[in-house]
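One structure is given below, represented as structure tokens, and several questions about it will come after.
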Amino acid sequence: MFSQKTLLLFGAIYSLLFTITLASDPDPIQDFCIPNPKFGSIRTPHGLLTILPCKNSSEATAEDFVFSGMKAAGNFSDTGLAVISASPTNFPGLNTLGMSFARADIEAGGINPPHFHPRATELVHVVQGRVYAGFVDSGNRVFARILEQGEVMVFPRGLVHFLMNVGDKPATLFGSFNSQNPGIQKIPSALFGSGIDEELLQKAFGLSSKQIGTMRKKFDPKKLR
Amino acid sequence: MFSQKTLLLFGAIYSLLFTITLASDPDPIQDFCIPNPKFGSIRTPHGLLTILPCKNSSEATAEDFVFSGMKAAGNFSDTGLAVISASPTNFPGLNTLGMSFARADIEAGGINPPHFHPRATELVHVVQGRVYAGFVDSGNRVFARILEQGEVMVFPRGLVHFLMNVGDKPATLFGSFNSQNPGIQKIPSALFGSGIDEELLQKAFGLSSKQIGTMRKKFDPKKLR
Amino acid sequence: MFSQKTLLLFGAIYSLLFTITLASDPDPIQDFCIPNPKFGSIRTPHGLLTILPCKNSSEATAEDFVFSGMKAAGNFSDTGLAVISASPTNFPGLNTLGMSFARADIEAGGINPPHFHPRATELVHVVQGRVYAGFVDSGNRVFARILEQGEVMVFPRGLVHFLMNVGDKPATLFGSFNSQNPGIQKIPSALFGSGIDEELLQKAFGLSSKQIGTMRKKFDPKKLR
Amino acid sequence: MFSQKTLLLFGAIYSLLFTITLASDPDPIQDFCIPNPKFGSIRTPHGLLTILPCKNSSEATAEDFVFSGMKAAGNFSDTGLAVISASPTNFPGLNTLGMSFARADIEAGGINPPHFHPRATELVHVVQGRVYAGFVDSGNRVFARILEQGEVMVFPRGLVHFLMNVGDKPATLFGSFNSQNPGIQKIPSALFGSGIDEELLQKAFGLSSKQIGTMRKKFDPKKLR
Amino acid sequence: MFSQKTLLLFGAIYSLLFTITLASDPDPIQDFCIPNPKFGSIRTPHGLLTILPCKNSSEATAEDFVFSGMKAAGNFSDTGLAVISASPTNFPGLNTLGMSFARADIEAGGINPPHFHPRATELVHVVQGRVYAGFVDSGNRVFARILEQGEVMVFPRGLVHFLMNVGDKPATLFGSFNSQNPGIQKIPSALFGSGIDEELLQKAFGLSSKQIGTMRKKFDPKKLR
Amino acid sequence: MFSQKTLLLFGAIYSLLFTITLASDPDPIQDFCIPNPKFGSIRTPHGLLTILPCKNSSEATAEDFVFSGMKAAGNFSDTGLAVISASPTNFPGLNTLGMSFARADIEAGGINPPHFHPRATELVHVVQGRVYAGFVDSGNRVFARILEQGEVMVFPRGLVHFLMNVGDKPATLFGSFNSQNPGIQKIPSALFGSGIDEELLQKAFGLSSKQIGTMRKKFDPKKLR
């Protein structure tokens, strides 16, 4: 129906549009808003999400409100962690509704390193296994203990938290968040894999240039990806 | 240390205070706020929750941020439903953090009748079983399908939703909410167990006086509790 | 100025754009935002509203901020109810300002059936007539009484409420809402006119298959529209 | 039951408590919150409202949610204006629900002087009469016209607006606000009745010392109250 | 690459798009959102700002988050005031983050006339000089005093405030706001330079037709710009 | 007037009350709220702030809205940093208004170590000196450069940021925040001075037990305070 040139233009406009983002996670002003699939994927670099123009609501289906991709564990990292995240990019019905969800599997002895979510509180539910879990408050006090199967822990918004599988079999946890895009800063790689000035890091941690170098190699983003 | 009269006064003040409520589920302005146990339980009639004066943060412990009461199913209702809710009353760490959590078990053939939460979106995660689940939008359109084990569904804030166990064994689900007090209106009992004028109900549903009478008997709150 | 093909493309882009919706009813970040009329009507199926690109503010006029369509009653339904709603679709100045407005006329003996607004508190002002009005709280308690001319009642956000003209002449009421799109779920049609699984409805209300069938016929959306 | 000393103490505590205020007009976290009448009136100087500890919800009645004090006009001011405001102080059910309401009657030729509400958008509904109404935007542009009976106008949050009865009989208007305490700054008295440094006012308006003096006399708060 | 007609169309679409505005200053749902420069300037008449489609986050640079245009005073007005504002139009990194910034220089004896910001609280920091500063509350009470170098004052959201340099050398102040677009209403020009009906102004201020005429000439927008 | 016992009781009640905290930094519902000095200091362990019952507004004075404690630098830490914070505890007028302020002085070669504020965006204004400043986003990308005198930088809410004085004289900066209690997590002490399980830290950073031990000694809170 459209000429190639027109489609090209369409593409150009689309490329501008698909980074329209909203500034908030507040009260919805419609029942729901399923992102229009014509705009393609909205996975952006670094996990930044965008809110897209909605499909006409009459085109929404029950499938848009169901996520089926968490029946098994994801791929494990070096630290023995496998995370699958459900966000509006793969679970369209979440768009504008102020929540997201994740599955984390941790191998025996594996960890989820200290990290925090700038925009959400997290509820973590241990469906299987035994994990040491905790967070640090603004006064550098740790609130941590071992969670048994069936227990639930809350990590307040924006505070550093961490997990370690202290059982002898894999652990499976499910986390829910009160933002459709909680964001994440993993402390080790945010500090040593990001390119912060070396002198500043030495002074901040009291580490030698050589020690910083070792850390930087370990968390080099080129190596990690 | 205090005389009886003083304690009585204390109690009187407490009775006023313990219904201090806040008007919002917004951004916290402190890391967390553990309700002060000196004020006793904050379970109020009809499930209305209140936010209490916080403990001094130095008295908070890891236990305040963990909930252990969902390892087994709760008590089943007539419709084959057992719900355990984690809210600031029994999971103090949730206070002011904008989330709550629930476990629902449904017997084979059992239902969670049509209801809605005035103040939260819900993410429901099927940990075991097979359930027909869905919601209705503002245009009276149903978004429903059967959820298998491991699937997650989202019910947008304030919309009527429902569940029925269509498998042949019990189902176990976990729901998370983006409010510390989502509220609930169960449609059948809100309409027929609450005392709305009979003539209005007849006209609204096209039911006879006799039919309304039968419904009212069924959902009589005295009988239910 | 543009060829047909170009206009067609324009139309296609428009069709995508006109469902751009925002996720919130929060603080405005500009004085106002009059939707651009070039994008045509923004009435969407089922009353879902969208926020459109704004006109340049220099093109806004006083007319954008005035609504004149409520001087007389609207068309009456089967239950003796006539509603006229003012929202950004017909009252452009409301866009982004967090409020909307409605006129309801009820014939003698007529009702506004039990319903709720997922996203707003409502203030109802009886300008003429005598109406039984009330709402149900989370504890299934009814707060209802007869309102005389000049009285105002508040229905808290997300709670089921209802009205019945108990006078002998028509009643006229005006409702204001603290959302530009409060949304609505009319209980009878949401339950019996939406296609929820029949078995679930039978179990929820204790009604027979035949009774459900009668209700479904009564609230069949094809018949109603 | 309590000794006088105890009651005195009670009073002292009450006097501290009754100015507990909340910082927000956001989403409620309970169905409603009726201020506890034991704490007495919460009318504070200058119309600043406070949110009080709630009554136990089981003590709330339908009367708490209805306001009957607007059936007739209030007392007229010098400028021919009579305002009755419904806020949580006299309409307890409004507390925490994010809305308030007012009736304004204006005599023929009377005015509601330029003023604004720092915390709310206003919808004004002309129930009787003919009024010139308008507001000014951030670019000093006036949006004004004559409103006829039955028309509705919106004044965006925080913008200066004004009304003048240009008909030959009294006008009656009803205003609704999306805050339980919109606040108000009446420009003439805020500037000339408040005690701002005279030199600054001269320079700001290009008025002589004598002219400022005349204005100050006119808006002297001692004279006005 | 595109024909002229296509570019024209592109321009037309752009002209519609570039006034897409958001309705809120709430929690961000991404780390940041740098407006896409392809859309050109977003300075709109009257200082109304808009939120634009974001650049792909990988194209953001450190420069987007730094503002360098406040090293010297701006141009002085008739009242001896020079203001430079940093908002998303000239400081792209501010977009969606809920803050903005301004530098104000005031000549000896100069003033910043009574004005208010409808959408933000302001913190003003006196870096040099000596200024009389204050605001008026809803009860027409003035909170004012002379600020010395190094002092900070807060002007609550939406309340009228003012400044006068009472020292003998220029004063330099920096203001920060908790909105990316606080808005502004300068009282003298909003009232007398905007075209509000003269009769209403006479009645509101008790000024004669001649006096109003003088004021209107003084604040005539054609003369001012 | 009161017996000792009564005062004791009073004290006990006060001790409960003075940790009443609010859950939000949202729109105020009154002009301002000066904390009641009868409740004493609200400095709590770890800098957690609380919102107190307000003074009667008629008791507020201009002094409540002015902060004079930032005219000179504070005490310098080991890393050459001196911070003075203005929050509702020492600048009562800030209470409920959603902003706070800080002065930071950094010695030549000194640093403000990597840290973040869980609840606020920060605008930092370099009044004197030359500093390397930057932040890390969710994708581990650094946005950093040297700021000259007079420049302003924005650190988005919840993202890790840092400063180092790269000039040869002391630097003075002023930071403003869009929360009355931004909170802070200083990464080095949050990780190594808080008591997180050693094995987890070893695995997270790839450090040896000995290295962790050295860090722990360096950031031992007993040593630091």
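Letters A, B, C, D, E and F name the chains as they come in the text, with residue numbers starting at 1 for each one.
To be clear about the criterion, contacts are C-beta pairs under 8 Å (C-beta built on N, C-alpha and C of every residue); 3 or more make two chains touch, one makes a residue touch a chain.
On a predicted model such as this, the values are computed, not experimentally measured, just so you know.
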| item | value |
| --- | --- |
| Chain-contact steps, minimal, separating subunit F from subunit C | 2 |
| Set of chains whose contacts include both subunit F and subunit B | A, D |
| Taking each chain's C-alpha mean as its centre, the one farthest from subunit A | D |
| Selected from E-F, A-F or B-F, interface repeating D-F by over half of its contact pairs | B-F |
| Subunit B and subunit E, separation of their C-alpha mean positions in angstrom | 46 |
| CA centroid of subunit C to CA centroid of subunit E, Å | 37 |
| Whole-Å separation of chain centres (CA-atom averages), subunit D against subunit E | 27 |
| Multi-chain contact sites of subunit C, meaning residues that touch two or more partners | 6, 9, 13, 20, 22, 24-28, 31, 45-46, 48, 51, 57, 98, 118-119, 134, 137-139, 144, 156-157, 159, 183 |
| Contact pairs between chains, per stated definition | A-B, A-C, A-E, A-F, B-C, B-D, B-F, C-D, C-E, D-E, D-F, E-F |
| Residue ranges of subunit E in contact with subunit C within the complex | 5-6, 8-9, 12-13, 16-17, 19-26, 44-46, 48-51, 118-119, 179-181, 183 |
| Complex contacts: residues of subunit D adjacent to subunit C | 27-28, 31-32, 57, 60-68, 70-72, 86, 91, 93-94, 97-99, 101, 121, 123, 125, 127, 134-135, 137-139, 143-145, 147-157, 159, 174, 176, 178 |
| Subunit A - residues contacting subunit C, complex | 1-3, 6, 9-10, 13, 20, 22, 24-31, 33, 36, 38-39, 51, 53-58, 95-96, 98 |
| Of all residues in subunit F, those that touch subunit A in their complex | 45-48, 79, 111, 113-114, 116, 118-119, 132, 134, 136-142, 144, 157-160, 162, 164, 183-197, 199-201, 203-206, 211, 214-215, 218, 221 |
